Amino acid sequence: MKALILVAGGVEDMEFYYPFYRLKEAGIPVDVAGPEKGKVHGKHGYPVDINESLSSIHADDYDLLILPGGKSPETVRLYSRALEVTRQMMEAGKCVAAICHGGQVLVSADVLKGRRATCYKAIRDDLKAAGATYVDEEVVVDGNLITSRVPDDLPAFFREINNMCAAHIS
Amino acid sequence: MKALILVAGGVEDMEFYYPFYRLKEAGIPVDVAGPEKGKVHGKHGYPVDINESLSSIHADDYDLLILPGGKSPETVRLYSRALEVTRQMMEAGKCVAAICHGGQVLVSADVLKGRRATCYKAIRDDLKAAGATYVDEEVVVDGNLITSRVPDDLPAFFREINNMCAAHIS
Amino acid sequence: MKALILVAGGVEDMEFYYPFYRLKEAGIPVDVAGPEKGKVHGKHGYPVDINESLSSIHADDYDLLILPGGKSPETVRLYSRALEVTRQMMEAGKCVAAICHGGQVLVSADVLKGRRATCYKAIRDDLKAAGATYVDEEVVVDGNLITSRVPDDLPAFFREINNMCAAHIS
Amino acid sequence: MKALILVAGGVEDMEFYYPFYRLKEAGIPVDVAGPEKGKVHGKHGYPVDINESLSSIHADDYDLLILPGGKSPETVRLYSRALEVTRQMMEAGKCVAAICHGGQVLVSADVLKGRRATCYKAIRDDLKAAGATYVDEEVVVDGNLITSRVPDDLPAFFREINNMCAAHIS
Amino acid sequence: MKALILVAGGVEDMEFYYPFYRLKEAGIPVDVAGPEKGKVHGKHGYPVDINESLSSIHADDYDLLILPGGKSPETVRLYSRALEVTRQMMEAGKCVAAICHGGQVLVSADVLKGRRATCYKAIRDDLKAAGATYVDEEVVVDGNLITSRVPDDLPAFFREINNMCAAHIS
Amino acid sequence: MKALILVAGGVEDMEFYYPFYRLKEAGIPVDVAGPEKGKVHGKHGYPVDINESLSSIHADDYDLLILPGGKSPETVRLYSRALEVTRQMMEAGKCVAAICHGGQVLVSADVLKGRRATCYKAIRDDLKAAGATYVDEEVVVDGNLITSRVPDDLPAFFREINNMCAAHIS
C-alpha cells in the first residue's frame, strides 16, 4: 500500500502532518507531491518536504489520496495533473480523503456530483454548486470518499481512513 | 446614489480602500456592512470601520454593490441576508461589482448562471461550477455585473463601475 | 500629461497605491522613482515596482509630483536629485502633492518658506521650522502645492489634485 | 485507560497535537493540564485548550503521561505538583513519554538517574547532569520511560507508546 | 543627581535601555516619563515601564535629560510640557542628551539655534531647518548638549554624558 | 585586558548589547565569537556581528568571558571548543559572567560543582543537577564566577563585573 498527499505552500500544517506522521507510524510509504520538489511552508510556519512534482504523479502508484486544507488547495487545483489523478483514483474506487479546503480540489476535479460530503463551512456553497450534498458532520463517508471539516476532526477523519484501508493501517 | 460594500475581517485592504476612497472622492455616500458594527482589520493590517450589520441591510437602499476579496468573502457568504441583498440587486439590474475572491459571494448568492465573469484564478472552477463562463481579463462586464481578478485590476475595475454609474461618479 | 511618484521601502501602502491606481484609472502615465529600479515593500507589506532611479529623473518630464508618506520620505530625502526635481517642479508651478510624512521631502527641498501646508501632525514642527504655516485641515492648497495629513484624507487630497490638473484627470 | 498531557504556552504545537489527536482517534480519554484552565497558544500559534490545572492533578487518575516540548516545559517544571505526578507515575511503572524539551520536566522531577534517554540535543547535557545516559536515537525505551528528540520522531515515539499501552490503543 | 528619560511607544529599545540600565549601574535615580503611567513597548518589543506622566514633570527635579530615538520622539514632541522641560533644562545649562530621532524633540523645543549637533541622518535636514549645524560624528558635544546618531554610538554617547556629569556617574 | 562574548542566533539582545556597548564605553576590546563569522540576529531582531568562530578561540587571549542568554546558549553549548574555553577560563580564575540562559553553557562546561550561582528560574533545576547551589538574587558572585537572572539584573551584573575587573573598567 502507498499513499499520496497533495500540498503547496500555505497548507494547514496539522492537516498535513497528522496524516503524514500517522501513515509513517503505521509503516505506510507516503509521497508528498507539490508544484515542485523541495521545501514549502505551512500557514503556521512548519516546513514541508515535497518529494514529487504535481506534474509527474500517476494514479496507478497509489492506493490512498489525502487532500489537506489551508491555502494549499487553491494552488493544487491549478495543476491539471493533480485533478486527473484525483479523478482517476475516485473512478478506481481508491480511498480519497479531503479535509477543510481540501474540498476545493474535489470541486475542480469534478468528482462530487451526487456525493454526500463535508468541508470547511466557508466553501460549502462551492461543493453544492459542484453537485455535492453538503452534510455538517465531523466526517462523512460516501463510498470511497471521506471528507472532514477542520483540524479538530482529524481523529474521526483518520479513523475512517483506517477503516477503509483496514488491511494496511493499524 | 448610494453604495454598499460587504466586508469582514481579512478583507484585501486595497480592494476595500480603493473603492471606498474612490467613492468618497466622487462624493457618493457609502455604507460598509459586516458581521457586526465596529472595527475589523484587513489582511495587511489596515483597520476597516463597519457602520452597518450584514443582517440589517436592504437592497432598496443602494444603487451599487461592491464585493472586495481577500479572506473576507468566506465570512460574508455565510450571512443569508448578504446573499439576498446581492441577489435582489442583481435582479433589480443595479451595478454589482466583485473583485478577486469577491466572486465567492456571487457563487453563494447563485447569480452566475449564464454570466460571463472573472475572479482570482484560484477560485475560477467554483465560478464555473456555479454556471459562469470564466474569462481571464482584467475586467469583465456582463450586463450589470462587473468582475475583476486582482488588486492591480482596480483601475480597470473602477473605470467600468464609473461607466455604469456615469451620471453619479466623476 | 505625466506623473511622478517618489518612493522607497516602507512607503505607506495606501498613500502610494491610491494615487497610483487613481492615475491609471484616469489614463495618466506614471513613473515610480526610487533608490534603484526593482521591487520594494510598503510598511503593510504590499510590493511596489520602481521603474525609475531617483538619480536619473528630470523635472521636465513630469507635470505632477506625488510624495506619499510612511517611512519612505526619510529615504527619499537623502537623494539630492529627488530634492532638485521637487524644487524645480515647485518653481515651474507644476502640481506638487505631499501627504503625511511626504512633507519631509518638502522640508529637505526647502520649498516651504511662506507656504500654507499640512502634514502628519508628528512632523508639523519640522514644517514650521522650515518656514511653513501649518494648518490642521484634511487638504491644504497653496498655489501649486497640495498637502494632506493621513490616508483617510486621500479622497480630499485627490479631489484637489483633480481640480488642479482638470484638463487631464477625470 | 486515561492519558494526561502537561502543557503551557509556547508548547511545540505538533508535539502536543499529534499525541492528543492520536489518542482521540484511538478512543482514549485525555486530560490536558496547564498552569490554569483556559486557552494557551503553541509556539506556532495553534490554540490549546487546558481542562485541568497543574496544581489539581493526581497520578492515580492516569495510565499514560505525555510531556511535549517547545517552550512549555520551562513553565511546567516550575509547578511542584507536575513534578510529583511525574515522579509518582514513573515509580508506579506507568508509561511516561517525553519528547524534545519535554525532558526538562524529567530533569526537574529527578527521575533520570541510571536511565537511558534521548531529547532535543541542545538539552542533552542537562539530562546527563541529571544522571541519564543520553542516546541519539529517534526513540529510546527504558522500562516505562519513552523519549524522543524532535517532531519528526513522532511516528516512532507513538509506535512505542502504542506498544507499551497495547491493550488500549489501536 | 537625578535623571529623566522621555519615552513613548515605539522607542528604540536599546537607546532607552542602555542609558536606563547604565544609570542604574551607576546608582543614579531615573524617572521614565511618557504619555501616561504604565507600560509601553519598544519597536523591538521590549516592555518599558513609565513611572511619570509627561504632563506632570518639572525641570527642577532633574540634572540630566535623555531623549532616545525610534518612533517615540514623534509622540513625545506633541506634549507641550515635554518641550517646556527640555527648554528649561537647556536654559539652565543642565546636561541634555539626544540620540537618533531624539533630535526631533530638540527641533520642537526650539533649542537648536546656533548649536552644533548630530542625529539620525534621515532627519538631519529638520535639525538644519531648526537652526543647527549638523555634524556627522558619533557624538557631538556643544556646551550642555550631547547628541549621537544611532545605537552603535551609545558607548561614545554615554562616555560624554559620563564626562559631563563626572561627579556623579562612575 | 580583552573580553570575549559567546553568542549564536536568538541571543537575548539586551544581554548581548548591554555588556558589549558597556565594554566599548570603557575602552575594553571585545571579541564576539559564534558558530561562524558573520551576522546573526537576536531574538528581538537586532543584528549581531560575529568576528570570531567558536572553533578558533583560545582562553589565553581573554581576561573576561561573558555568556548572554536567550536561545543562544542552546547553540553555543554544542561547540566543544566553547566549553573548553569556558572551563579553562574558570580554572585560570579569570572573570566568567553568565546571565539568564547563559547558565546552560556553564552546565555543559561542567564548572558548577560546589558553586553558588543564579540563572533564569526555568533552568534552575539544570544548574542544581550540575552541582550548583541555586540562589535567587539579582547577582551572585562566587570566586571568579558572576551570575544573574534576567535583563533587569544587568546593572547589578555589570557592577560586579566592574568590581572584579576594577583596574580595567571605569
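We call the chains A, B, C, D, E and F, going by the order they appear; numbering starts again at 1 in every chain.
To be clear about the criterion, contacts are C-beta pairs under 8 Å (C-beta built on N, C-alpha and C of every residue); 3 or more make two chains touch, one makes a residue touch a chain.
In this text, all values refer to a predicted model and were calculated from it rather than measured experimentally.
Listing every chain that touches chain E and chain F alike gives an empty result.
Averaging Cα atoms per chain gives one point for each, and the point farthest from that of chain E is the centre of A. Seen as a C-alpha superposition, chain A sits on chain E after a turn of 180°, to the nearest 5.
Both chain A and chain D derive from one sequence, and where they touch, over half of the residue numbers involved are common to the two copies.
Distance from the chain C centre to the chain E centre is 31 Å, each centre being the mean of its Cα atoms.
Centre-to-centre separation of chain B and chain D, using mean CA positions: 50 Å. Taking each chain's centre as the average of its CA atoms, chain C and chain D sit 58 Å apart. In chain E, no position touches at least two other chains. Chains in contact form a single ring whose order, set by starting at chain A and proceeding to chain B, is A, B, C, E, F, D.
Put simply, chain F touches chain E in their complex at residues 13-14, 17-18, 21-22, 24-25, 44-46, 151, 154-156, 158-159, 162, 170. Of all the residues in chain A, the ones that touch chain B in their complex are 74-75, 77-78, 104, 107-108, 110, 121-123, 125-126, 129-131.
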